[in-house]
Structure formats: structure tokens, C-alpha cells
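Heads up, the next two complexes both have chain A, just with different partners, chain B and then chain C.
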Partner chain A sequence: MAVQKRAQETLRSLRVAAWLGWQIESNWTDPFLFAIYSIAKPIAGTLILVFMYVVVARGGLGNPLFPYIFVGNAFYIYVGAVLMGVSWAVIDDREHYGMLKYMYTAPLNIYAYLLGRGVAKTAIATIAVAITLLFGVAVLGVRIPPGEVDWAMLVAAIALGLSAIAFLGILLAGVTLITARHNYYIGEGVAGALYLLCGAVFPLDVLPRGLAAVGRALPLTYWLEALRRALLGGGGSQAIGALSNGALLGILAGSTATLAVLSVLFYRWAERLAHRKGLLDMQTMY
Partner chain B sequence: MSWEELSIRTEGLTRVFRPKRREARGQRREIVALDRVNLAVERGELFGVLGPNGAGKTTLIKILATLLAPTSGRAWVAGVDVSENPWEVRRHINMVSGGESSGYGLLTVEENLWMFSQFYGMQSGEAKRRIKELLEVVGLADRARTKIYHLSTGMRQKMNFARGFLTDPEILFLDEPTLGLDVQTARTLRAYIRDWMDRHPDRTILLTTHYMYEADELCDRVAIIDRGKVLACDTPAALKRTLQREAIFRLRVAALADPKALFQGVTGVHRFTHAARDGCVELDVVLGDENAILAVLGGIQRAGGQLLSLEKREPTLEDVFVRLVGRGLGSGEGAGA
Partner chain C sequence: MRRRTEWRIFWRTVVGRAYPRVIGLQRERSWVFFDVALPLLQVTAFVYIYRAIQAPPEFTGFVVLGGAMSAYWLNVLWSMASQLYWEKETGNLQLYIVAPTSRMAILLGMALGGIFATTVRALGVIAVGTLIFRVPMTVTSVPALLAVFVLTLVALYGLGMLMSSLFLLWGREAWHLANLLQEPVFLLSGFYFPVKALGFAVALVASFIPITLGLDAMRQLLFPQMMEGLKFLPVGYELAALSVLGIVFLALAHQALRFFEDLARREGRLTLRGQ
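Here is the complex of A and B:
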């Protein structure tokens, strides 16, 4: 009985939060601006990088490093979007709408609620990722022949990777809960910091040894490697290139599960601290 | 009465706020917002907590609604310990805070309310029917499809009020629900609260207010609270009966320079409060014996005051508060004698 009740609460927290997130995301009076902001902006970001690669670094599009960078960057759009989507909810509800306290007095599953709030941004990011990849194939000559794509691996990698990013978002939501101001862009900030560490642009091998070790501890590193193998037929990093596909996905699953446990534990701790200090309904005046 | 009949119980409930480190350099004073509060609210009661600003009313509600941890002591809501099992408590409660304008600005009034009904697991059609009904009650029916960033603070407060009743909670916390609303709206909401309780005898409301009239008119029992302490707790009638042996007069006096010094040396005056109103001074004087009014009038004459009106009146909860605390509910003015 109790388990069933809890499951119902979890499902409806997720569903209604996703609805709310969508209302907030799509609340643009001008659909054109909405499309520009949520789809064109991340794509433009990726293309700028490609441009720099070609012109500034004088790399050729035929260089094997190019598809490596391109796929890494296309999927990296997800990181900022999902992190922001999940962790932003705490700030938004508490500071902006004054609603976090009502969420916290309602029979919600707060994790499901936060993840639900990120669904809309994730969906929009999916469109941006897809368009970027299509552009790469059609215009830049990146070779992703559908017949050679390992679809099962792709689906598994996307599911695990998005879970990892979402739980990282829960961790950031916990940080946001117990710190007051100036945390508006924590999601994008962390996405930027991890960018170099997880092999989105360079293979880990070119990083100093200490940083490479950090990179090898991040689920995102294995996520990008798995995506490249699924789409391009091979990765690019010697550091983890020796792993079989099964081992790679296994490590991705294991590190995602570890991250999930750590994030939930941390969030619970942050929640308890906020409860003690009266931060759940705090409003920072700007 | 058994513990199971209690909707809300607190035992030595205490909350201390420590000043933040940055502010602490100036003064290291801790604020005791709640000081060993013991309350027992039965199922079916409309229970009032009456006290001035800063008395600890909001702190009490936050703890009971699982938003804030007590520093010490315990509290049970619907028989569940709020610190041990907040998730279970949340299935039984709802809360409305007055005087604030929260809400998702980009959703309409209807959508804001519907969303909450869904978080509480209400069936969608039933929710829509109740939303319509409640918006009718609070006078927002014509705004149902308006995005709430177009609404005034007062309108948002009314929507918030509707949100509290929408989910048909077993136990409802109303923190100064009529704060800042116009007289007519406040009256409508009070009538609705009373009516809701009459129609749902198994529900419980804990309502805080600093309007003594609201507590008197609405509540089955009232706890009077000041500086975190519960000073008295009983039915409004019983609280007022504690003043039965005293006589209370209201005087309006013009040309009075120093009301504070008025009754020095006048015997028989237990307490009095004074407030400036329309260019004259309004005095509420509590006498041990009705005959002492003659000495009071003599005192006013000696001070050069000019008596405009004199009226003997029934005691109110405000008088009870003044007797307990030594000052009025509103401004903090007043003096014992």
C-alpha cells in the first residue's frame, strides 16, 4: 500500500513538473524567438567551435579528429541544457515565483519533481542535437551512415548519459538549495568546467596527467566515447580506447549509478540543512 | 480525550534563530521565536493563534507545515512527528500564507490551481469543478484565464487562499489569511472559512492573526502568543470572562498633552492604553471598580483635557492581550498603571 502510494506520488510529481517545465520553457510570445533561443543558439555555439577548428587551428575536415570533435560537441549541448533544467528549478521556484515552500508542503517526490522540471529543456536540446548532427552530415561531410550505426549502443549510451547529467543536476540543485545568491548560472558554469575534462574537444590523452585522471572518473567521458563508437564506429581516446564496448557501457552504467547515489545523498543532506536553517522559503532580495 | 483525536500537538516546541555571522559582530543576540510552546488542537477545531507582529506565529506554522526544523521540542500533525516523517505529514495538510504574491506568473489563475490539484492527486474533472466554485467564492471568476503576472497582490492572495481549500486538506494552516486585504474581501474570506468548517466537521484549521476581531469572531479556541510564549489558551468567551470583574471604559479626550502621565496617583486604574485618533486621544481604561471612573475624570480635568465622549464597553480579546502583556496588539504602545 505504502509503496504503491509512493509510486503514484512519484509519477504524478514527474508528470506535472514536466508540464510546468514545458509551460515555462515555451512561454514565448514569439515562437520564432523561441526557436532561435532554444535551438539556434546551441547549434551556433557548436558551429563556432567547428569554425575555429577549421580556420584557427587549420585542421582539415578530412582529419579523423574532426568527426571526433564534432560528435562530442553536438552531444555536449545536452549537458548545459539538462543541468540547467534540473538545478534551475530550485532557484526559480524559491526566488522567482516564491513557490518552493508550497512544493515542500505538498505530497511530492522532490527528485521526480526536479527531474520533471528538466524534461522540457532536455526535449528541446534533443532537437538541437539532431539538427546539429544533420548539418554535420549534410554540409560538413561527417560520415554517419545509418546502416553502420550501432543503434542499440546509441540508445543505451543516450539513456545512461542523460541519467548521469540529470543526477548531476540534482547535486547542483542541492548546492543551490543551501547557497543563496549568485548561483543562477551554476548549471552552465559546471557544464563549461567539465567541457575540457571529459574529452568533448580533445582526447583525454592530451590533458596533463592529473586532469586526465579526473576525466577518467567522469561518467560523461565514457558517455561521449560510447556515442562516438556508436555513430562513427570508433572512439578517439587511447586512454579508454582499449575497453570493449561492453566494458565501456558497463563503466558508464556503474559510474552513473554511483553518481545517482551520491547526488541523492548529497541532496538529502542539503535538504536537512535547509530545513534546519529555514532556507526552504528563503527569498534573496535583489 | 485520546491522542488520536488530536490534529496538532506540540510539546516544548522551541525555535531559536541565531544571527548570521556577518550580522553577529554588532550584536550576538539570539532570537527565541518560539519558547517551549505546548498546544493541543482537537480534530474539528478552528484554532486561532493571536499575537502581534514578531510573536512567532509564522515560525509555528512553518514548523508544523514541515518547512522549518524546531531547535528543540516536538510537534505532531495528524499524529505524525513532523521531524521524523515530514512526507507523511504533507499528505494531510495544506498551507496558505497571507500578505505575499507568490505564484507562477506565466500560468493563468486556473492553471496555477489545477497544477496544485494534480500534485495532490485530485481527479482532473473534480479539480476543475472545485476551482470554478472557489474562484466564485473569492471573486476571481472573471480572472480565471488571466495570467497571474497581470494580477494585483491582493488578487494573488485570493488565488492562494483558494489553493489552500482546493485540495480539501484534513488540516489547513492559514497564516494571516486576510492580511492586507480590503474589509469586504476579508469579511467574505472569514465567512467562507467558518462555513467550510461547518460543512466539514472532521477538518481542522489553525489560523494565525493579529486582528483580535478575526480571532474572536472566527475561532473555537484562541492561543494568545507574544515573544514566542503562549500566554493563555481558551475559548474567546472564557478569555474575556477573565476580565469580568473589571470595568472597561473608552474615552475620547481633546487637548491632552501627555497621556502617559495622566493617571499617576489615581487609584483604581488597573491599566490603560491610548492612541491618537482624529486629532484627539482615545483612551481605553480598565478599572477595578466602575466607581473609579470619577477619579479618572478628575485626572483628565487636572491635565487640562476636554472630554468628548465616554462609553462603557464589553471586554475584547485585545483587553485580554493587554492584561497579559501590558501593551496593545497593534502598535506596541500603552502602559500599565
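Here is the complex of A and C:
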């Protein structure tokens, strides 16, 4: 009975937070402008890479490195969106709307609430990723024949990868909870570091040995490799190229599970600390 | 006598509004990590992309310079254009309105303080980036480089002052609009590659954002050989265009501030919070 009640509470928290997140994200303008807003940023980010490539390759997009860069960059849209969607909820609710203290007085599951707040951004990111991939196939000639796509691996990789990013978001929400200033930059900073370290837009082999080793310890490295294998038929990084598809997904699943446990434990600790220090209703006006 | 007092108040306002931005650097030193190290992550990622596709080493310099100049664009977006929105949210805007001073002086103070703080950050990115990646630079003309840099900043912050008056009307739209103007402008202004790659027509339209011309001219002056076939316009033309943009944006900012303040006052949006 108690378990059923908790499950209902969790589902309700998730649903209401997702709805709230969607309203906050979208109701500031009309749907047309919102659609442009949601698409322009990621497409522009992709085109920066395309032009960087074109200006050096002088018109040649046939190099096998280009699809590697393109697919990694397209899916990386998820990282910024989900990380920020989950961890930003703390800043929004505490600093901007002054509502975080009420969240703690309401009968809700805070993890479900935070994950729910990330749902809207995840949905928007899904559209942006799909449009970016379509743009790549239709305009830039990236070869992703639907018949050759390993759909099972793609679905598994997306599910595991998004879970890993969401739990990383919970961890960052914990950091945000106990940080007075600069919490605005935490999500962006972590997304920037991961962009560099997990081989999103270049093979890990290009990085100095120390940084490449850090990259190999990150779940997102295996996520992006799995996505590339599912869509393009192969990765591109020698560093993890020898792993079989099963081993790749196994490492991704294991590291996601570890991250889930660590993030929840860390958030609980941060929550206790914030409670003790009176940070739950802190407004820095910074 | 009255005119002298007005000028005195004007300059005191400029100094007063610039003061927190300058002194903030001393009081909150953690900016060194957040404002230099974090932008360097993006710069480093782009450097490794160029290395992965075996681009000439000068392209590393293009990226480091673009990364440093991106600090100014972000400062214009978040600390100039959206500033009056933040002030509205924190309840300061009405104090600005009732203060016996010019709103242009407030914007000018914000701009000067922002330029100082951002220059320290941009120099940090350039110094660390140049040292780590050993960027091969040859300065062909120091006076021309300084002129391009100063005129770029005048025009850019003039645009920021113009945008801040537009943003005066908005609530959450201001935040989203500033957010929207990041990556698309990084693309259009050629922050990480020469803007000529976009084609003449697109580069010409993008030239309304002063940093487009500024970056192209600075790259020509710092990497003359590599930019030989990649330059958009000769440096002289870009200097002239930047001068015109600076004057036009400042004049428009002055007019727009009056117009939008009046409109916001009549529509009751000056004190509207939490939109």
C-alpha cells in the first residue's frame, strides 16, 4: 500500500513537473517563434562545425571524419538540454520564482520533480536532434540509410544515455543546491568539459593521453560511440574501437547505474547540508 | 552653471555604474576559473576539431581569438542588453527611473565597466590559449589592430545599448532572446572560422553585428598570410564600416531609450516582475 502510494506520488510529481517545465519553456511567446527558437540554436551550433570543416577541407564533406563529427554533435544537443533542464530547476525555483521552499513542504518526490522539469527540454532537444540529423542527410549528404541502421542498438543507447545525463543533472542539481554563486555556470561548464572529453566532435585519439584517459572513464563517450555505430555502422575512435557492441552497451549500462546511485546519494547529502545551512530558500540576487 | 552640474551628474553616474563591474573583479576572484577556464573548454574543443582535420596551425589562432571575442558578445547580451530586464526583476529599475540622472549615463557606465571586466577575461583567454596551443601570430600593424579593437568595442557596446532599450519592454522573452542570439551569432559572425566561408551576401548581412568585421580585420592583422585568400573585406573598409556602425548604434540607442522607456511607462511594464 505504502509502495503504491509512493509510486503514485512519484508519477504525479513527474507529470506535474513536466507540465510546469513545458509552460516555463514555451509560454513566453507564440508557437511559431518558439519553434524557431528551439531549432535555430542547435542548427546554428551544427553549422559552425560544418563551416569549420568546409573552410579547411575546401568543399569536401566526403571524409569519414565528417559523419563522425556530425552525429556526435547532433546528439550532444541532448547533453546541454537535459543537464540544464534538470539542474536549472533549482536555480529557477529558488532564485527566480522563490518556490523551492514550497516544494519541500509539498507531498512530492523531489527526484521525480527535478527529472520532470528536464522532460520539456528533453522533448525540445529530441525535435532539434531529429531536425539536425534530417538536415545532415538532406543537405550535407551524411549517409544514414534507414535500412542499415541498427535500431535496437540505437534505442538502447538513447535510453541509457539519456538516463545517464538525467542522473548527472541530479548530481549537478545537488551542487547547485549548496552553491551560492556561479551556480548559473555549473551546467554549462560541465557540458563544455564533457564536450571536450567524451569525443563528441573528434576522436579521443586526438587528445593528449591524460585527457583521453579521463574521456574513457565517462559514460557519455560510450554513449556517443554506440550511437555512431548504430547510425553509421562504425565508430571512429581507436581508443574504444576494439569493444564489441555488447560490451559497449554493457559498459554504458554499468556506468549509468553507478552514476544513478552516486547522484542520488550526493543529492541527499547536498539536500541535508542545504537544509542545515538554511540554503533552501536562499536568494542571492546575483 | 546648470549645464556643468548636469555633466557632473552624468559622469558621476557613469563612474558609479561602472564601479561595481570593475571592483567586482577584485572582490570575487573565482571569476578567473569561471570566466577564463570555462570558455577555454569550448576553445580547446574547437582547436582539437581543427587538429583532427589537420588544419594549418593558424586556425588554432582563429579559434583562440574568436573565443576571446565571444566574451564581449556574451557580455553585451547578458550584461548590457538584458541588464535592464534583470534590474526590473530585482526591483532596481524604478530607482534608475526616479534618479535625477541620464539613462544614457547608466548604460554608458554599464558598458565601460563591462568592457573593462571583459577585457581582463578576454586577455586571460588569449594568454592561456596562446601559451597552451602555441599560436603563431604576427602583428602587422599595432595601431591598426588597436583601432580595429577600439572601434569594434564602440560599435558593439553601442549595439548593446540599443538592445537594452528594446529589452526594457520584455519579461522572460528578454532571457530567451539573449539565449537565442548566442550560437546563431557565433555562426554568422565567424567566431571560429573566417566569415568569408559563409559567402559574400551572408557575410555582408552579418556585418551589422560589429564583431563580424572586427574579427575579420583582426585576423587579417594577426595572421596575414593565412587570411590572404580568406579575408572578407580589406581592413581599411572594415575600419570605416565600424566607425559608421558605432555612430549609428549610439545615436539609435539614444532615441530608442527615450521611445521604449515612454512606451514601457505607458503600458505599465517598468515595474512588472516575474513575468
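By our rule, the second predicted complex is superposed on the first by the 280 of 286 C-alpha atoms of A that agree within 3 Å, B and C clash if a C-alpha of one lies under 4 Å from a C-alpha of the other, contacts with A are read in each partner's own complex, and residues count from 1 in each chain.
Criterion: a contact is a pair of C-beta atoms (placed from the backbone, for glycine too) under 8 Å apart; a residue touches a chain by one contact, two chains touch by 3 or more.
Quick caveat, the model's predicted, so the values are computed rather than measured.
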{"item": "Chain C versus chain B on the shared chain A, clash or fit after superposition", "value": "fit"}
{"item": "Chain C, chain A and chain B - angle at the middle CA centre, rounded to the nearest 10 degrees", "value": "80"}
{"item": "Partner chain(s) touched by A:Y104 [first = chain B, second = chain C, both, neither]", "value": "first"}
{"item": "Contacts of A:F167 with chain B and chain C, given as first, second, both or neither", "value": "neither"}
{"item": "First, second, both or neither for A:G278, with chain B first and chain C second", "value": "first"}
{"item": "Touching partner for A:Y78 - first (chain B), second (chain C), both, neither", "value": "neither"}
{"item": "Partner contacting more residues of chain A (chain B vs chain C)", "value": "C"}
{"item": "Partner chain(s) touched by A:Y267 [first = chain B, second = chain C, both, neither]", "value": "neither"}
{"item": "Touched partner set for A:Q23, first chain B, second chain C, both or neither", "value": "first"}
{"item": "Minimal inter-chain CA distance - chain C and chain B, angstrom", "value": "5"}
{"item": "Set intersection of chain A contacts, chain C complex versus chain B complex", "value": "97"}
{"item": "Of all residues in chain C, those that touch chain A in their complex", "value": "28, 30, 34, 38, 41-42, 44-46, 48-56, 59, 89-90, 171-173, 176, 179-180, 182-184, 186-187, 190-194, 197-198, 230, 274-275"}
{"item": "Residue numbers on chain A that touch chain B, as the complex places them", "value": "8-9, 12-13, 15-16, 19-20, 23-24, 27, 97-99, 101-108, 272, 275-276, 278, 280-281"}
{"item": "Sites on chain B touched by chain A in the complex", "value": "17, 62, 65-69, 86-87, 90-91, 93-95, 97, 100-107, 111, 115-116, 118-121, 163"}
{"item": "Footprint of chain C on chain A - complex, ascending", "value": "28-29, 37, 40-42, 44-45, 47-49, 51-57, 63, 65, 69, 96-97, 181-182, 185, 188-189, 192-193, 195-196, 200-203, 206-207, 285"}
